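There are structures below to look over.
Next, two complexes with chain A in common: one pairs it with chain B, the other with chain C.
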Partner chain A sequence: MSTATPARRSAVPPPPRPPVKVYPGAVFPESSIFMIGYYPLTIEPHAVVHPRVRFTTLHGPVRIGPGAIISEKSMIGVQYTEQKQQKQQQQQPEQIPPATRTTVPGQGQGQAQEQGESSEGEKSQARKVESVTLERGVIIEPGAYVEAELVREGTVIEAGAKIGRGCHIGRFCKICPYITIPPGENLPDYTVVYGNGEGERRIDHAGATEPGLDELRLRMSSVHVNLLKKLVQVPPKKG
Partner chain B sequence: MALSFPYLYISCPCASETTLPPVWPYSNRLSRENAEDDDEEDEKTFDPRNPRANYSLYPLEHLLFCEDCRQIRCPRCALEEVLCWYCPSCLFESPSSAVKTEGNRCTRNCFQCPICTSPLSVNALEKPDPRDLSWILSCPYCAWSSLDIGIRFDRPSAIAGQLLRMRNGGQPTLTRKERDGERDRRKRGDTNDAEEEDDHSWKQHKEIEDVDDHFSNIRAFYTDQLAETSASSPFGGNNEFGYGSPGALSRIMGLYSRAGRLSSHRPKDKIRPMREAFGEDEGVKLFDAKGEDEIIERMKSVGWEGTAKLEQQSWQNRDARFLSDLRPVPTLLRTKRARRCRTCRHILTKPESKVASTRYRIRLVALNYVPTMTLKPLVPSPAPPSAAPAVTAAPTPLPPTAPSINLQALPSLIPTQFLLTLHNPLFDPVRVTLATPARTPGRFGSKVTILCPQFDIGANTDMWDEALTDVAAGSSGSEPGPGAKSRGSAAGNQSQPTPGAAAALDAAKRARAAADFDGPVQAEAGKIWDSGRNWTTIVLEVVPANLDEESPSSKPNKSAATNNPGKHDSNPDEPPGETGLEEDEDVLEIPVFVRINYEADISSEDEDGPAADDAVIVRNKRGEKKVKRELAYWCVLGVGRISKIA
Partner chain C sequence: MPPKAPKSEYIETDTGNKVSRRSIILGTPHIILGGRTAIQTEACLRGDLHRLSSPSTSTSTSAPGGTSVIAPSALIRPPSRLHRGTYTYVAQKIGDHVLVGERAVVEAASIGNHVVIGAGAVLGKFCIIKDGVKVLDGAVLPAGMVVPSGSVVGGRPARIVGEVGEGWGMLPGSEGADLRERIRAIA
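== the complex of A and B ==
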């Protein structure tokens, strides 16, 4: 972690590395994961992160919930976009609060941010800090691109799907491969988005009403996690 | 449509056979080597711009070849027949009798999602209590499941049967027997008031009545009627004059022509007319405005989300307006098909009957019988033409002096040479005669000259022959190459050495000699350009037409145009195309008539019976019996697009 002043950044900037908090039981092969940003990155227990995942915490903290699976080549975190790039460059100096860097990086910071966002009174702050939170048992498949503010438990985002910034994806949703969700959408629980482009939407009523189906799904993903824990090798840290 | 040049289409003769049988040069008369007789017929050139030509031109790869008719067969002149029916999902073959009775859909466990058409899978729905296990159909893509329509199954097998006995929502449907029983009871209920209770249950059932009930009711009604009217006929049991008897049809057919006969023989009133269906028990459903209101109410409650799309409705085989009405769609069966020749009924292609196999037992494709033609612009460069001519006219790296030829913009009025290579797929050496009109048909006639219209191609012998003889020649292409050698040997196989063969040798020598001097190679009239084991290259010279003025070349075609009213019109009365060209009129297409003569080994058929018309049995020098064969057809070479003079 270097002290990145604006002057320094205008020269060849070294990629800022986010403070990472990995809880025990999580699989996080740190050396083969690409990370950039200032805000903390939190990996909660029993989450599995494959190698070659890209995390961006330039605009807000990223939290990966317990039992979530992040597959390779996916990108998590709010990236620059063409339209906002200029704005963000102006905002950047103010936006990096010294507290983020000076305080010990960790869970507390991320949660504080989240609570700040979820409460309605501080909407203005939420616009500045764009965090990404994946809840328990979320599965992100290869090549997916997640900038959503919140993905709730049990949701599956399939290969190559793109979730725009500021989206709220409900519980047990399914985003089919190569679907694009435009920024700022709110998907209710049990939504299935399928088809081409922005896709067709349907609510899986049966899945919602059938008792015990949710536990079944979570159990399935926990079995998946247990297998991946054996398969994904975490290279030992050097030195 | 963007055309990719050059291309070759072969005209299947079937189109002309149906319209003008004796005139076309495909007729067998030509094959008896009396071509001089039908000069008139020969003059009739094939016009690729004729709208009718679209129906007879095919790429070589799409064509079949009938060995008995010795003729090219296109998809139009081949019959298709179904060999077997199978489900693409479970790969089970279903017998055609089952297809007739049960329809062309899989009767096992194969279903498609009514929402997105992906194949559905059978999944167990686990419960804490293992005895409470049930199965559902679920879509792995859009997460639709049979729970959406309230259906779950007791067993993971024979899903189709279980589904048939269940309505959406899970209530059982009545079987045919039960339906019949109910109907009878209902009928008796009219007379007997004691069965109040049953009547009540019947009424309850009525509320969820569906199409199946109506159909079974109306069928039962007409069965009854048939039985009654037949029984009332004077001949009772033999059913001769009842409805539905074969006699009835002939009687109806003869009602007017032989009206007097029947009426004179027996009185009309013997046959009691069939009564019309009446009432719901007999399958008549009257329009009910209440039903419409219900649908509107339902639309209000479920909204846009709950209604099925038109596409989804069309996949269903009955009315399904709402998502909750949808049923899983059984997978459509597929077929394996054989093709037969329309004229002689011999099989042209026949796949293996095993469903999982993609191989063919019989496959007579034209590629194995008809020479492949490839066209390439002749670039004046010292490099000898390669053995494998490029199919696509990719611009080759050229010396700076040589202008590259862009097939999308051929310069008008500038003679351009092309290399035309013919590959022989047959195992006998063939003699090829090419013919083309001096000017291409159409408003803008381009001048076409085939520098060597008659030549030989070697047999398609073992590939190693060439490779082994090639060793001596080595990599230097300057001496008379392997092509010329094998050409010579091929000519030796023939009954007499032809002048064409000598010319071939000569041309090859000259070409190479010229190549030695690094000067541009000149194509010579009457000489082939190059040849190899089973291929020969000749030179085609084209002077693309001037698109700015309607060329006088349309005049010689005028006589042909008057003969053929369907021809693309070259009417001088029409204003010349100053405003612009019609679509693809600037495309240079050359019709070429190809005639192939060869002597094949005699087959048993030729010895046994009367040989085919074109089979003339001859003896060659060694005294072997050979059959003279001939194949003739029109083809169209698409050369390129002519550019306007700037």
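== the complex of A and C ==
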């Protein structure tokens, strides 16, 4: 009778899908990219998105600039709201035994005030839009996690690096693998972050002083993009 | 009617390769598997990033050798560079009995035999790993690093931190040795 019964569907509503605008000339294998969110996702011309990239636009729009390269398994966009992250952090110190805490007189009042502030803060944060913008020629390597508000042109973020929310990364910076940039940092132009954890920083003086090097770097990435446009395949859909 | 047998996660080829259905393999004409190689869940092999100048499909972009294991979420992609004004991807070769750890990112030019790459290691572009090398977990090898045979590398950035012991890869079941048992266990 009912031979063509569809596969059992989950009762959970599907995650929200962002409105996507892909400009002509961009490589965007849509079937193999994870997208979640309400705000728009914009892929500008000549940007290359490899398969298995995860875009989150739950808390703000995401804009991928022209000629940017986003590698596999990287995550772009703010994942959690700030209050959720703060709650997670607040839960940790509560595990500390009470003896180690310092008592402050009038703590009750302070707490009440704090609570009032936080509830107001939550309201304002609920409206706060946390966008992510990657400018021209930005290269994101595999497994990087970018929540930064702005990554300026020509910057390279290497494998597994984590860029916190609200960061402003300057032009032609280089973030080495597995570096963590804490939220809200401003990196000046031509910064190189290397080493372990939050890493050490230096300024790439060659880039800063040599005239014409920026154009050469951008030209190299545009040549790379032209090649990728011919090569990147869309993975087949698996049944 | 008996319930349908669940589909196995792995597809086994004639030469004994076990390829997970949940792996991401692109550009299959450019990938040569050496036989008895296991490619696990969510591992990603990019054969589509090949050299354009050579039209023959026999040139392998990525060639994991025989009896190797590519662990879950590992990424193997060929290295690329600007060469004489054109940007090209270059063929990549991986030897026999190589274990690529979970979440590792491999952009090396060549990897020898009996190599163990730790979980989360990043092998930069055009790295050359000789035979019998151990790359520790989370190591970050800068682009173009050449690792001599028999060494242990680790750290960020990676340095040579020691030597593998005598008989590395000789004793069955020991590190760097034949991975046949491990591949047999994968089903």
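In this section, the second predicted complex is superposed on the first by the 175 of 239 C-alpha atoms of A that agree within 3 Å, B and C clash if a C-alpha of one lies under 4 Å from a C-alpha of the other, contacts with A are read in each partner's own complex, and residues count from 1 in each chain.
Assume contacts are C-beta pairs under 8 Å (C-beta built on N, C-alpha and C of every residue); 3 or more make two chains touch, one makes a residue touch a chain.
Being a predicted model, the structure only gives us computed values, none of them experimental.
Superposition model on chain A: chain B and chain C are shown accommodated side by side without a clash. Once the two complexes are laid over each other on the shared chain, residue contacts for A:Q233 go to chain C alone; chain B is not touched. By the touch criterion defined above, A:Y194 reaches both chain B and chain C.
Applying the stated contact rule after C-alpha superposition, one finds that A:C176 touches each of chain B and chain C. Contact with neither chain B nor chain C is seen for A:I36 once the two complexes are overlaid on the shared chain. More residues of chain A are touched by C (comparison of chain B with chain C).
Of the two partner chains placed by superposition, only chain B is touched by A:R202; chain C is not. By the touch criterion defined above, A:K73 reaches chain C but does not reach chain B. In the superposition on chain A, A:L218 makes contact with neither chain B nor chain C.
Legend: residue contacts after superposition of the two complexes on their common chain; A:E210 is shown touching chain B, with no touch to chain C.
In the superposed pair of complexes, A:P51 makes contact with chain C only, with no contact to chain B.
For the three-chain overlay built from the shared chain A, the minimum Cα spacing from chain B to chain C equals 6 Å. With the contact threshold set out at the top, residues 176, 194-195 of chain A are in contact with chain B in one structure and with chain C in the other. On chain A, the positions that touch chain C within their shared complex are 32, 51-52, 72-73, 141-143, 158-160, 176-178, 194-196, 220, 223-224, 226-228, 230-233, 235, 238. Looking at the complex, you find that chain A touches chain B at residues 174, 176, 192, 194-195, 202-207, 210, 212, 216. Across the complex, chain A is touched by residues 21, 24, 26-27, 44, 46, 48-50, 52, 73, 75, 77, 80, 82, 86-89, 103, 105, 120, 122, 138, 140, 155-157 of chain C. Touching chain A in their complex are the following residues of chain B: 115-116, 125-128, 141-145, 147-148, 305.
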